[in-house]
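Each structure below is given as structure tokens.
One chain, chain A, links the two complexes that follow: it is found with chain B in the first and with chain C in the second.
Our next item is the complex of A and B:
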């Protein structure tokens, strides 16, 4: 089977790319791409919180999504809430009461799967910011197309032909807990569980990619430190 | 004796105020919820169609303490150039301070916007209505339906209530027959009313929330239960058992087994509500 962008397997993900600490003024930042879909995330925090949002026993997490073109719409609000509720359980917010963790997501290029790309970018940015976390979220999307095939990491062309779109995020604890499930379209329970399973395996690859990305960066920093 | 009783009824209210999670946990350990429901029971639901006579279609839905009114107003609009036959259906959710102290006056809150957007996406992506049925004259005039979903009493589970209200209002919708005159004026004949929209499927939403300690799922959470548990699962099914929308986020407790049990409970709920809708429409 040949996919529209030249991939040969339905379970093949597009090439990952990531870079960290690309913004000077933020506490942590990262860029993550699945093929052409690219997102930059920045993390500021713990910082001062508005009195209205202050929580006495934990940090307030705020996610802001900036679209690639135009002003934020209600679609971005939905994305904001999904992202916040996905990453919030991975942050040890109880260690930073009465503070604000502000996460800004700037969409750079859109080619499907903005939700999963953004989750991965935020995870990497939070690592870069050195926030206390209990696990790391990684997300992968899948579609069931009109013919009933399950395709992982669809591009925008494949999304046009989708009968349902599924996005799942998992943490990297031993039990691989489900953090997010956002699925829309028309599908059966079996198809849902198939997608869940396929995305679970694929998110392991994203987790190990994030791990190598961080390892490489630290290695590089260490070498620079030694040579200077 | 009476003095003692007063003291104890006071003290449990104070206990609820200062340690809401512990108060709740003790109920859950006995497999009952503070409002007397079992863990998997939905609150009593009632529907009243045609609640607003000045709207083209309306319904009022009550799920326990949550009351939602949906009114649909039809206007004539020009269709989009790329879809000359399709009308518009614009859902809008309003959570004003009148329904709960959680909401502030001003621009729509995130919760209101997110709920409206979820309803909109399900309507668009899940093939529920055929918008070309709203056509008056191809390329010239179509009906544009504004569905305003107003919450007048908020006690949790707004998504289920607003979706149900919208569906019943759509079923109640009747429009005057209209035609475009040669002078390109749209003339409506309100003595001939038609029911233009047929629902292709009946999407029914069920919401669950998950508690970490002890690990249980609760159907149809109230406001106080929503505040105590961050992890929620919303499932929208049609009456044939096809899944249209699943959203789960806010925690890491839920696994595939829990999702399966939520699916089967959502199926039961869909069958139950389908019957209720049939009964109200036939009245």
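Our next item is the complex of A and C:
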């Protein structure tokens, strides 16, 4: 089977790419891409919070999505909500009461799969910011196309031919808890479980990619101490 | 050396008991005593990391902690920080230390300060202070004297010089007297620095040219190896 962007397997993901600390003024930032889909996430916090948003016992988490062109639309607001619900449980907000964690997601290039790309970018940015977290989220999307095939990590061309779109995020603990299940379209229970299973396996690859990216970065930071 | 860097991510389980020695055994029962430092926490029976960093272990006392780098400061008691006075109130100054909230510096928390004789700091003044109280639910409190001696010990207003911002990891490294960058710079000209644990470094020297060179050299040294630091310092000195 040949996919529109040259991939040969339905379970094949597009190439990942990531870089951390690319923004100067944010406390943490990261760029993550699945093939052409690219997102930059920045994290500011724990910072001062507006009295209106202040929570006495935990940090307020705010996610802002900025589209590549134009003003934020309803679609972006939905994305903000899904992202906040995914990453909020991974942050140990109780350790930073009466503060604000502001996460800004800038969409750089859109080629399907924005939700999962953004989740992974935010995870990397939060690691860079050094926020206390109990786990790490990684997300992967899948579609069921009109012919009933399951395709992982769809691009925008494949999304046009989708009968349902599924995005799942998992944490990196041993129990691999589900953090996000975002589905659009009509599908059977069997198809849902197939997608869940496929995304779970694929998210392990994303997790190990994130780990390698962080390890490389930290090793670079330590070279000065080691040579001396 | 690279192989003994153990990098952990949030959510990783840390096994702390496999290499515990006799000395760390608690006398009462056979459960080894473990001391957890920054970045680690206990979740039921397990030790879990909360940040991305390098796992460190010290055998005496069986201490475990994570060494991680970040840019946002979280106040901790006893640390020295560089703050900027933002407001002057009757009893205290409000000082920005780069954390989530501004810190409080009581006007009497200076060496020899009394109700009649207190320092006068205007908003915008730089102060080098010690965190006397840090709690996640309260504003941090500062003091400008060493509590064990009652003397200023270098704390207080910083006059002249220049402040640069950098990561907390770089600040921690600069406090190590063996840091290559400060040693190389010191071979060429005399200078003064005050390193705050909050990601601010104050540098001063006898002329502005040197101060600018210092600021640039320190800022750029973060990801350089010792040899690269030496080369950078030499090329900067040559351009003077």
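In this section, the second predicted complex is superposed on the first by the 223 of 228 C-alpha atoms of A that agree within 3 Å, B and C clash if a C-alpha of one lies under 4 Å from a C-alpha of the other, contacts with A are read in each partner's own complex, and residues count from 1 in each chain.
In the analysis below, a residue touches a chain if its C-beta (ideal position, glycine included) is under 8 Å from a C-beta of that chain, and two chains touch if they have at least 3 such contacts.
Fair warning: this is a prediction, and the values are worked out from it, not measured in the lab.
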{"item": "Contacts of A:158 with chain B and chain C, given as first, second, both or neither", "value": "neither"}
{"item": "Chain B versus chain C as contact partner of A:187, first or second or both or neither", "value": "first"}
{"item": "Touch count on chain A, higher of chain B and chain C", "value": "C"}
{"item": "First (chain B), second (chain C), both or neither touched by A:111", "value": "neither"}
{"item": "Partner chain in contact with A:135 - chain B first, chain C second, else both or neither", "value": "both"}
{"item": "Touching partner for A:196 - first (chain B), second (chain C), both, neither", "value": "first"}
{"item": "Partner chain in contact with A:223 - chain B first, chain C second, else both or neither", "value": "second"}
{"item": "Touched partner set for A:179, first chain B, second chain C, both or neither", "value": "first"}
{"item": "First (chain B), second (chain C), both or neither touched by A:85", "value": "first"}
{"item": "Chain B and chain C contact sites that coincide on chain A, given as residue numbers", "value": "90, 135, 171, 173"}
{"item": "Residue ranges of chain B touching chain A (in the complex, touch as defined)", "value": "110, 113-114, 116-118, 120-122, 125-127, 230-231, 241-256, 259-260, 263"}
{"item": "Complex contact set, residues of chain C against chain A", "value": "1-2, 5, 7, 9-13, 41, 43, 48, 50-54, 68-72, 74, 99-101, 136-137, 169, 173, 178-180, 221-227, 229"}
{"item": "Chain B partner contacts - residues on chain A that touch it in the complex", "value": "74-75, 77-78, 80-82, 85-86, 88-90, 135, 171, 173, 175, 177-189, 192-193, 196"}
{"item": "Touching residues on chain A, where the partner in the complex is chain C", "value": "27-28, 44-48, 90, 92, 95-100, 127-136, 171-174, 210-211, 214-215, 218-228"}
